[in-house]
Amino acid sequence: MDEVRIGVYVCHCGFNIAGVVDVKKVAEYAKTLPGVVVARDYVFMCSEPGQDLIKEDIKNQNLNRVVVASCSPALHEITFRTAISEAGLNKYLLEMANIREHCSWVHHEKEKATEKAMEIVRMAVAKARYLEPLEELEVEAKKSVLVLGGGVAGIRAALELANYGFDVYIVEKSPTIGGKAALIGYIDPKTKGAEVVSKMVEKIRDCPKIQVFTSAELVQLTGSAGNYVAKLRLNPRFVNSRCTRCGECEEVCPIEVSNEYNFGLDKRKAIFIPFKNAYPPYYAIDYRVCVKCGECEKVCRYKAINLKEEAKIVELRVGAVIIATGYDPYRPFKGEYGYGLSPNVITLFQLERLLDPESPTKGELIVGNKVPKSLAFIQCVGSRGTTLGAKSYCSRMCCTTAINSAIKIKEKYPEMNVYIIYKDIMTYGSDESLYEEAGKKLINFIKFEEKIPKVTISPEGLFIDVFEYTIQQEIRIPVEAIVLSIGMLPPRDIEELIAVTRVSCGGEGFVREAHLKLAPVEAPTKGIFLAGCITGPKNILESIRMGSAAAAKAMSLLSKGKITIEPMIAQVDEERCSGCGICVAVCPYSAISIKSVNGDRIAKVEKALCMGCGTCNASCPSGAMQHLGFKDVQLLAQTVAALRGESYG
Amino acid sequence: MAEKPKIAWYWCASCGGCEESLVDLAERLLTLFETVEIVFCPVAMDFKKEDVEKLPDNSIAVTFINGGIRLKEHEEMVKLLRRKSKIVVAYGACSAWGGIPGLANLYTLDEILERKYLEVPTIDNPKEFLPAKKTVVSIPEVNMKFELELTEPLPVLRPLDKVVDVDYYIPGCPPTPDVFWNALQTLLGNNLPPRGAVLGALWKSLCDECPLNETKPEKLLVKEFRRVDRTTPEPNKCLLAQGFICMGPVTRGGCKALCIKSNMPCTGCFGILEGVVDYGGKAISYIGSILDYSPMQEEEIRKAYDKIPDWVGVIYRYTLPASKLRHKVGLEFPKLIKEMVEL
Amino acid sequence: MNGSVLVVGGGVAGIQAALDLAEQGIEVFLVEKAPSIGGKMAYLDKTFPTLDCASCILAPKMAAVLRYPNIKLLMNSEVEDVTGRAGNFVVRVLKRPTYVDWTKCNGCGICTQKCPVKNVPDDYNLGLSNRRAIYIMFPQAVPKKAVIDARYCMRLNPPEKAKKEGKTLCGVCERHCPTKAIEYEQKSEVIELKVAAIIVATGMELYNAKNIPEYGYGVYQNLYTNLEFERLVSATGPSGGEILRRSDGKHPKKIAWIQCVGSRDVRFNHYCSAYCCMAATKQAILAKEHLPEVQCTVYYMDIRAFGKGFNEFLERAKREFGVRYIRGKVVRIEELADTKNLRVVYEDTAESYLRVEEYDMVVLSVAITPNSRLPLPVELTSDGFVKLKDPYLDPVSTTVEGIFVVGAVAGAKDIPDSVTEASAAAARAALIAKRSMAREVRVLANGGVLNG
Amino acid sequence: MADFEPKIIVFACNWCTYAAIDLAGTSRLSYPPNVRVIRVMCSGRVDPQFVLEAFADGADGVIVAGCHPPADCHYIEGNYKAYRRFELLKRILESFGIEKERFRLEWISAAEASKWVQVVNEMVSDLRRIGALKPKLEVD
């Protein structure tokens, strides 16, 4: 490295500094420090003339380091970096000495404050001597995005991105997109879930920029923000687009299984169409249950079926990934509030199917075998730590959904006695209007607290014993049907998701966002975004909004076609690194991995992922990992300079 | 024939293990004796200080000094040998960084003497004598008096290079015969490495040559620390990953991972790497890093650390006198050492 | 620059929108009626459910706003009217005088110490403390510039007597200003902007608790709104984080929070304000942290712990901090003449009759009301929130194409939801902006705009 | 020894504590000038070696300060790592005879200027009480 030539610039900041600190003395002292060739003081360094002073010195005195002793770097680091780069000096060769916030504004004894200011400058100079020029790097960024999950959040995100001119790949593991929203009878008094979804799906169908992979899974994700490589496994559907949905295959199919798209209310064949507006709009064979008897292949007149089809692996290159794989409904255990013991105890999701005109009952609310005269919702099933094995969180949508359905039921069957047995009614925001409406519709609300309701199934019928909190009395309600308002669980396959995408999850089991408050749609890993219930329970509206937001974030990350990388990040000295792997575990961004460089294990920093916290540097046992801009030698020099006159090393 | 290069060998505060390593050269010793002339080696041959003083300055080709500097005598001898030698080599961990005797730097000399001569259960010292500068033993029967002059101990132990300039270092406790032999070849050869180099060792840390490095999990995190004296490590699995405190990551390689190969964690005898300013500090840093708890779990963290009774002993086993702090703060010069005692 | 975007409101939602737009190189005009951005979040001490400090997470974002040369701040300003359509709106912004040339002011704050007018209620601390007539809104204000409050300034608004005699008074700040930035004669100006799209992020205000006669807010000394309490516990607050009673400056021993004040009440607002249950829970915990001995009670109808980590937070408040939750509607509050303690009369639904309990401090969890009375052609809902075109298919669009809405002005919501929408809206606006070409506008650093 | 002026080295994280120290300045709080602040991006960057270096060079006290756990840390959990390391360092310093008053790990959020001032005041008075760190024995 060529000879160090430091310029020190002491700011008066009007009287803010000069009023307490003897700035002349500080500047004079700075001249005596090793490496310093010029030191000046000026009334406002941040002003134009102040900056020009520095620029001229850089040119005339060919300085290669600059120390500005003024205010906090939070205020003017950028200002002075720009200034010195305008004078042709690398902008990272600047060090700020904070003698205002840290000195003149908090100390009043002139001597002591001046002495401290001198030492603060000494520290800055000491660090400056070890500063190095750094370059911002740019990596190419693909203007394409992988969307995991074809529910409303994923679809919304895809539509937005396509709208911005990005190529989008939707990866859905079931044979149709649409997600659970498509199965919700009414998401608000006026709107059918199926309608909303099919409107969205139409848009997808007409959009050339969106490619949909159903029955597909992400099996591997490598690379980093801007340049991810995603490996997908496309499980066989066995049915191709020649299918006209004539339905003959379904008739001959010998295999019958419970229909997950009606939450087990009825059965479906091994070859089936998930629901009316399913997309892609043709049959699919459930490869997990099909016995390949070949009946369907025989009857199909359109040669749409090929049982020899096999799983394919495809590789996609994308700039970012949006995770929107949603949630699973809570699974009540047999006997929980009588679930599984009586056909008259159903879940909220099953009820939603019943209320859907497309349902097996054509929208008739038939529970067991008839329309019940009385029906009770039990809230918080599997949520808010209510029952054994229940999750600690509130599932956010059940109250509104239950009340909304209750209202629908009352509209259709005004005579029916409807009860809602709850802990707290969570109709937050404007959903409160539904709560009011429910009151008007004479729906009975019954509150319980610690003591949970008890369901009795007897020849006389169903009974719910509940301690009514507001009247502090045990009451027994005879009902003909019970709806369990089940909550949300993290999706079953979340472990695989974590393994493949390197996201992490919080205590409640949902994926953790970069910042709960200010970065709710970003994962800690750069280039990975989150939408919908994968980060925790949401209602359909919120999921859709998150979809838009995640898309927006992905867009602004990739829109320039390249990503600039802050240079103050970690760097490995391969000569020193022994590949011990300590740093890999401490990196919060999974930016470090162990690579084999001609037979040697070496830590490698994925520059695009590193956020520059430096914790790997601190933990590196051999000093091979260094945090550029905050290297060991720089900070040690600063430490020593704070305590002794003579310089470090 | 040309005169054989002169070699000197001296021990300070050390256990003799370093001399062992000399013996461990086995038949290679014969070759050694053919090629060099040993002019000083108190442990093996009878030489006196005068013999060294007689030698002209810089006449010794290489002097190997093992052990840290704990006594006045050590100080005088190494200064003398420095004057007489072209090359001075700090041989072994003690000489290079203080070694195990260096752990005594956490106690005042008085504490050490009391412990050694009064407290230790195996000591039989009814009159509670402590060593003094001069000890007079009188035997009335034959009315004779013997005087014994003991060299004065120094208040702290120092590595060799804190006392005289050191040209090269040979690491290990003790250095393995191979390491020593290779170092010897280099030293007697004609292209010498830059001054201050560590001979016969790697530039990287032990993990680099450790056969278990491959077996590390992707994220090296542990919930508890374990001790080899309590549980036997699973073979063929990174010991650190099992929770055993292995100093490998922070210790210079070159020993061919001998301890690891016998399923024992590295204790750090090959010493400090180039990029490290305080061996123990770095050790704290990576050991703390792999302990997998949040600050909310103070209890768990405390418990985990309590598992290891003597942390200083573990992380500074060979390097305490070469650490930033070097010794317990506020140590005082000894008071218990008297000018004279009569037995 | 192809087209610019107007963001109305500099709260966390507006800031997020502006940053996202700027990140894509789009010119943004950020109009804020206060002298600093930050919005309501800047008033908060900590945020639920993580209890991380509001300014720690907000300040970096505020600072970031200054780092983008393409974000033009129009502070102390309000939108007067909007004409035109998506792609080319014409917006007239009224910029009120600050009486300080912000190109010169470097926020040193000397004037705010020298100004002789010391008894101006500090709006940042909601009048719980005083400031000078010339002031910087709060320590982390962005931009950090001084403003003269003309109502109180002796020079700008001299006493009648001086007016008659035509004397000019004071001028202290002018004399002490090291950069000669004071401009007593500054006038308000109207700035015309041409923008491609508009994002409405005007957020909310607290409902005026004075409208609720039975609680006696504004009359009783030790009765606070939850935002006032927020300032009270805040390290940057009037008492540096000390919780002291207005009446006697003593630490309270018993504090009550009253929920749904002005919300879920047919007389005032039907809707639920969504934030207050967790805010009260948080404040009760903070109170406990500041005064371990204090007793905290929350009166509620339903506890709405619906967000991520909310219910866990609620349970923590109950278990760890022993906060007491009583389900019951408070019918009235009475002040005791001697102690100035407050007697809370409530209907204990559990026992279902009236009960009375005495507290030495009471906090009202006040409803929010949207800042939606805007000179914008957008439709509102019956509750007065800005109406969405189609919440399902077009989440952040208003009924007017090219005008988007985010944050609490479109419905009561918490910080993450507001931030989420902001990003979504920013992207939409960006699209329009990029597609259309708007006239270049040259702007001075202080936000004053010259056309041409 | 009232006139003894202890020297305290502070390693402050950029996002919380450094901001708090700035805030102390902007709000014109006042505290003794015995502290020297070294800015790092995250308390997780602070290497125990730095602390040992500081004591070896004659610092009378050292403060490592960062964001409140669990959620404040700008880098998710840098403060966790700091905590784990310095809990161990404390034990080591103890064995070296360095009084516990001389080393503090503090969580100070960007808003807690007053906490910063309080921490500095406490430490300065503690150190005045126990006096300067004993210098190394220079044997020769």
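Going in written order, the chains are labelled A, B, C and D, and every chain counts its residues from 1.
As a working rule, a residue touches a chain if its C-beta (ideal position, glycine included) is under 8 Å from a C-beta of that chain, and two chains touch if they have at least 3 such contacts.
Not measured: the values here are computed from a predicted model.
Trainee: Write down the chain pair with more C-beta contact pairs when B-D is set against C-D.
Mentor: Answer to which pair has more contacts is B-D.
Trainee: Please tell me the distance, in whole Å, between the geometric centres of chain B and chain C computed from their C-alpha atoms.
Mentor: Here the centre of chain C sits 66 Å away from the centre of chain B.
Trainee: In angstrom, rounded to a whole number, how far apart do the mean CA points of chain B and chain D lie?
Mentor: A distance of 34 Å separates the two centres.
Trainee: Mind checking the centre-to-centre distance between chain A and chain D? Centres are C-alpha means, answer in whole Å.
Mentor: For chain A versus chain D, the centre distance works out to 35 Å.
Trainee: If I count partner chains per residue in chain A, which residues reach a count of at least 2?
Mentor: Correct list: 74, 516, 586, 615, 618-619, 632, 636.
Trainee: Residues touching two or more other chains, restricted to chain C: which are they?
Mentor: 50, 52, 57
Trainee: Any chance you could list the residues of chain D touching two or more other chains?
Mentor: Only 19, 26, 28, 47, 49, 53, 70-71, 74, 77, 81, 85 qualify.
Trainee: Between which chains does touch occur?
Mentor: A-B, A-C, A-D, B-D, C-D
Trainee: Once bound in the complex, which stretches of chain A touch chain C?
Mentor: The touching residues are 13-16, 43-44, 46, 74-75, 78, 156, 160, 163-164, 187, 191, 196, 199-200, 383-385, 392-394, 396, 424-433, 436, 447, 469-472, 506-508, 510, 515-521, 535-537, 540-542, 544-546, 548-549, 551-553, 555-556, 559-560.
Trainee: How about chain B: which of its residues touch chain A in the complex?
Mentor: So the residues of chain B in touch with chain A come to 203-208, 213-214, 216, 218-221, 248-250, 253, 273-277, 282-283, 285-286, 288-290.
Trainee: Which residues of chain D touch chain B in the complex?
Mentor: Its residues touching chain B are 47-49, 51-53, 55-56, 69-70, 77, 79-81, 83-89, 91-92, 95-98, 133-134, 136-137, 139-140.
Trainee: Which residues of chain B touch chain D in the complex?
Mentor: Touch list, chain B to chain D: 75, 106, 154-156, 158, 163, 276-278, 280-282, 284-285, 287-289, 291, 293-296, 301-302, 305, 311-312, 315, 323-331, 333.
Trainee: Going by the contact rule set out above, which residues of chain C touch chain D in the complex?
Mentor: For chain C paired with chain D, touching residues are 45, 50-57, 59-60, 109, 113, 139-140, 234-236, 240-241.
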